[in-house]
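Heads up, the next two complexes both have subunit A, just with different partners, subunit B and then subunit C.
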Partner chain A sequence: MMLAIQIILIVVLTPLVGGLLAGFDRIISARVQGRKGPPLLQPFYDVLKLLQKENIQVNKTYKFYVYVSLLFIILTAVIMLIGGDILLAIFVLTLGAIFFVFGGYASQSPYSIIGAERELLQMMAYEPMVLITAAGLYMVSKTFFIGEIIARDVPAIVYLPAVFIGFVYILTFKLRKSPFDLSLGHHAHQELVQGISTEYSGTELAVIEITHWYETIISLVFVYIFFVTSNPISHVFAIIACIVVYLFEIILDNSTVRVKWQLALKSAWIVTGVLSIMNLMILSFFKF
Partner chain B sequence: MNFNTKSPWILHYDGTSCNGCDIEVLACLTPLYDVERFGVINTGNPRHADILLITGSVNDQSIPVVKQLYEQMADPKVVVAVGICATSGGLFTDCYNVVGGVDKVLPVDVYVPGCAARPQAIIDGVVKALAILDEKQNAMKK
Partner chain C sequence: MSLITVLILFPLVVSIVTFLVRKENIRSAIVRVGAVGTAVLTVYTAIQYFNSGLILSIGETEMIDLFIIVVEVGLAAYIITTGIRTKKYLVSLFSLFQTCLILWFEFTQKAGIEVETGIVFDKLSGVMVLVVGVIGSLICLYAVGYMKAYHDHHTEVKERKSFFLAVLFLFLSAMFGLVLCNNLMWIYFCWEITTFCSYLLIGYTQTKEARNNSLLALTINVGGGVAFACAIVMIGMNFRTLELSTLISMKPEALVLIPVFLLCVAALTKSAQLPFSAWLLGAMVAPTPSSALLHSATMVKAGVYLIIRLAPLLGATSVGRIITLVGAITFLACSLMAIAQRDAKKVLAYSTIANLGLIVMCASIGTQESIWAAILLVIFHAVSKSLLFLSVGSIEHQIGNRNIENMNILMNVSRKLSIYLMIGIAGMFLAPFGMLISKWVAMKSFIDSNNIIIVIILAYGSAATLFYWGKWIGTLVSNGSGKNNGHHGVFSLDEELPIFLQAVIVVFSCLAFPLISKFAIVPYLSDVFGGTAMAPIGTGNQIIMVIMMAMLILLPLGYIPLSKKEKSRVTPIYMAGENAGDNENFIAATGVKRKSDLSNWYLEGYFGGKIFTFWSNMITISILCVGVLLLIWRWAL
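And now, the complex of A and B:
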């Protein structure tokens, strides 16, 4: 019964916090550019507007994938926030992302197909690091369960500083921020019309937006895991760390331009590969 | 309650404009005017847009494009003609290669005159378009 209430709270509160973060992001971005920016609740206005719009359908199947993607992303959020298996969460998260790519291919527009191809490239770039993060957390705590990983005396960041930096590097892909927003940008960023979401309008575009809110929170939960210990005070530090990382991503988004896919892929593999392998090797020599 | 007045997404299309009005449209997005305060986003994708801003008069080449853009937008949608060329053809009305204002092709809701239209006038036109957008949304509900 407690678990059911917990799951309902996660499903309801996660997009609310994610939407507020998106609004915060837009205000900070505007201030960085010397503008006033939209109201904090603007992302919610956008989604509510999209829900009221006409339902255009370009073919029979393409809308289905967006809902499946949302379902898997919600499942990931639930697994992670009730302290479940991090490996399972990563695989379900990937499945959600893959269904989003299917949606891009299924809508048949040349723009969305190019967007889908770029999304696949991005997944190639960030997916190894996400798995290495799970492996690193396992090496430190000898368990894949988030509930047990965070119940230790020393935070994981002490043993895995380089893995954490590598994870922040690929977080830029996951949060769809410059310089790695190849497939689908936010704000006024455009690339090839609107990437995967080109053919989506109305309700489905709102679903894509809500999926992204969940994904933002999931990405920040990874950051959170690095900082939390059995000590209750550590949760405050972890939240501050999440805010700092998110602010860093916003400033990075506003101060860089989008790179070519070759550079995105190569730099992601080289940076994350070198950092994480070094970190894990040192860890295996000295500690375990 | 209708939320489209709080988040109007704009698609900007240049019919045959001299780019004077286009520069003024983009000037609305800069820090001085900052239309994002009202939730305005310049989308570049007709499927996501609520307001179609057209600058310049239309000719035989741009008529199919303008029509297609309008058809691809989801209801409720409004058309704003920016600049004197878009409202009536302006200086080029009698040219052999110009059909005339945008209203020869699409049902225009708001006319913003000027050569080039000032950013203040464009913002005023968009705000007037929002009221029409709201009416159309109410009509859709019935």
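And now, the complex of A and C:
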């Protein structure tokens, strides 16, 4: 019963927080650019407006994938927030992300398909670091269960500083921020129109937006895990760390332009390789 | 005559009869009966012995040994003359050397070595027998329909169906022998028979390319056979035994490790690991059923089976480390190379080699968890890969080629086939399908055994895997227009039934993996390591995985529109405002109509081409050389 209530709360609250973060993001971005920006609740207004739009489609099948994607992303959020297995969460997250890609392919539209391919390439770029993050957390705590990882006395960040930096590096992909927003820019970049989401409108576009809110929270939960210990005060530090990381990503988004895919892939793989080998090797040398 | 003997001999008899019968209809009937018979016999044997296992000592082995010697000498004579005739002297040399070695050993040294238990049926052989028997016989069944269509399409190839089908069954018989025997001499004999069968199958079309590739396969695998023969002689002379089970129970000291290393090298050649992988890539020229058989149920699985058997001796020893590294490099390099391939069969081939690399890694780490993962990987790889090969074979007949880029029309040509193909691909990389479960455990066991580099390699390899399978499914769902060249073959029941059954097996094995783990793998590990083994994935997670599987099965229901009333406007796709009316063309610069044409990414500049292959081969060769040096050094001390 407790578990059921917990799950319902997670499903409802996660997108609300994610939406607020998106609103916060837009205000900060506007300030960085010398504008005033929309109200904090603007993302919610946008989604509500989208839900009322007329239903337009280019074929019968492609919209289906967006809902499947949302379903698995919600499952990921639930697994992570009830303290479940981090590797399982990563695999389900991948499943959700790949269904989104299939949606792009299924729309048969050139811009969508290009976006979908770029999304696949991005997944290939960031996936190693995500897996290695899980591996690193396992090395320090001997468990994949998030609930147990965060119940330790020393925060994971102490042992995994380089892995953390690597993770923040690939977080830019996950949050769809510049310079690594190759598949689906949140600003109307002309090169790609809107990538995978080109052909989506109305309800499905709203669903994509909500999915992204979930994903933002999921990404930040990873950051959170690095800082939390059995000490209750550590949660405050963890939240501060999440806010700092998110702010950093916003500033980065506004101060860079999109890079070519070659650089995105290479840099992500090199950063991952160097930082994780360094960190994990030292860790295993001291025998955890 | 015991059931085990029947199991080994039945496919042999079917093979001989199939070879002799020339009437097409009768032969097809015999093959169907033979395939079903083999499958039934396999399942029956498995049920019979699965729980208690079986250890069989065969009393009068002189006749069997004599028979084996005669066949081996005959085989050697054939291979040596073939080598001389085709000017591939290396294969003749290998064959001559190993036959002389074995004959010398047989007649001068072997006296006094008693083999107590000739046949062992434990949980591992049980799993292997099921994989070989069930998957193998489905492939034989498929071959009936496929070969008919094949010869309709390829009129230039001389029709030798009797021969082809007979070799398939001979292969199954040899594989049964290989996984059931405990006598190293007999395993070696079956090992050589599978090498020879694969040579015959690859060369089936008799084109120049096919002949060259079959000779390459023969050379590499006979080379592996040389290592195997040397290992047998060393074991026999040093320890006066020829039993695999005795070898495994020894302590990993220098004198044991040298033959174990040789056996591993033989296994690496058979499992097509780098630097020996060229033969499996060349094997693509053969008709699809033979590729399916080589890649899923037989040949390559023989190699990893041997490594899994030897796993308790590997672990943290230098040999174990070397083999792990070779497997890891193979996994990473071939996963990356698969990205650059457009030919469906090539993608499948590279992914087979990569996954075998993963199995080799898991087995040679040698902990309980990692062997658990290795055995599960063998099962899931066999079922998914065979489904994929058979589907691709039929697709080739349907759309006329096997280029992945052209498969975007498949949904319109044959919806069933594209769904089967998707199930197969999902089985290879998506949660909650089997391969992923195994990767999960592999990851855990690599960290537990403190193999950091291996963990990182696994992470990169998985990411690459995701990319090439993802773009393949993407192409399938992108559902281009159905206006193709009108090249539609017949999708006969002979082809469809095995494909359907295999799709069912893929889904079923994923749902049932907790049971497979509980009743087969965990007991085997408890046996080998003593004490009680544990399934590395907790019950809670197993339940979540099964629920996800159920979700995925139910998801296609979402396709069904719930309310017809719902108003939706269908619009053309976005072409930057330059639509030409349909969804395919756009108005280009000077007002001409152009077709929009998209292609997937293959990153050939990075992962294609000879340079990448060359360097991966170089790295693995140097690792093996280091292994040899380490062994010599340890032995000398």
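The rule we apply is simple: the second predicted complex is superposed on the first by the 282 of 288 C-alpha atoms of A that agree within 3 Å, B and C clash if a C-alpha of one lies under 4 Å from a C-alpha of the other, contacts with A are read in each partner's own complex, and residues count from 1 in each chain.
Heads up, the rule we're going with is that a contact is a pair of C-beta atoms (placed from the backbone, for glycine too) under 8 Å apart; a residue touches a chain by one contact, two chains touch by 3 or more.
Keep in mind the model is a prediction, meaning the values are calculated, not measured.
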Touched partner set for A:20, first subunit B, second subunit C, both or neither: neither
Subunit B versus subunit C as contact partner of A:252, first or second or both or neither: neither
Touched partner set for A:11, first subunit B, second subunit C, both or neither: neither
Partner chain in contact with A:151 - subunit B first, subunit C second, else both or neither: neither
Partner chain in contact with A:193 - subunit B first, subunit C second, else both or neither: both
Subunit C versus subunit B, contacts on subunit A by residue: C
Partner chain(s) touched by A:54 [first = subunit B, second = subunit C, both, neither]: both
Subunit A residues contacted in one complex by subunit B, in the other by subunit C: 54-56, 193, 198-199
Subunit A residues touching subunit C - in the complex, by the definition given at the top: 54-61, 64-65, 67-68, 71, 75, 79, 84-85, 87-88, 91-92, 94-95, 98, 101-102, 104-114, 116-117, 120-121, 123-125, 127-129, 131-132, 134-135, 138-139, 144, 193, 198-199, 269, 272-273, 276-277, 280-281, 284, 287
Residues of subunit C defined as touching subunit A within the complex: 430-432, 436, 440, 443-444, 447, 450, 452-453, 455-456, 458-460, 462-464, 466-467, 470-471, 473-475, 477-480, 538, 540-541, 544-545, 548, 551, 555, 558-559, 561, 566-576, 583, 596, 598, 600-601
Contact footprint of subunit A on subunit B as seen in their complex: 2-4, 6-7, 29-31, 34, 36-39, 41-45, 47-48, 50, 72, 74-76, 137, 140
Partner subunit B, residues of subunit A touching it in the complex: 26, 30, 33-39, 42, 45-46, 48-49, 52-56, 187-188, 190, 193-194, 197-202, 205
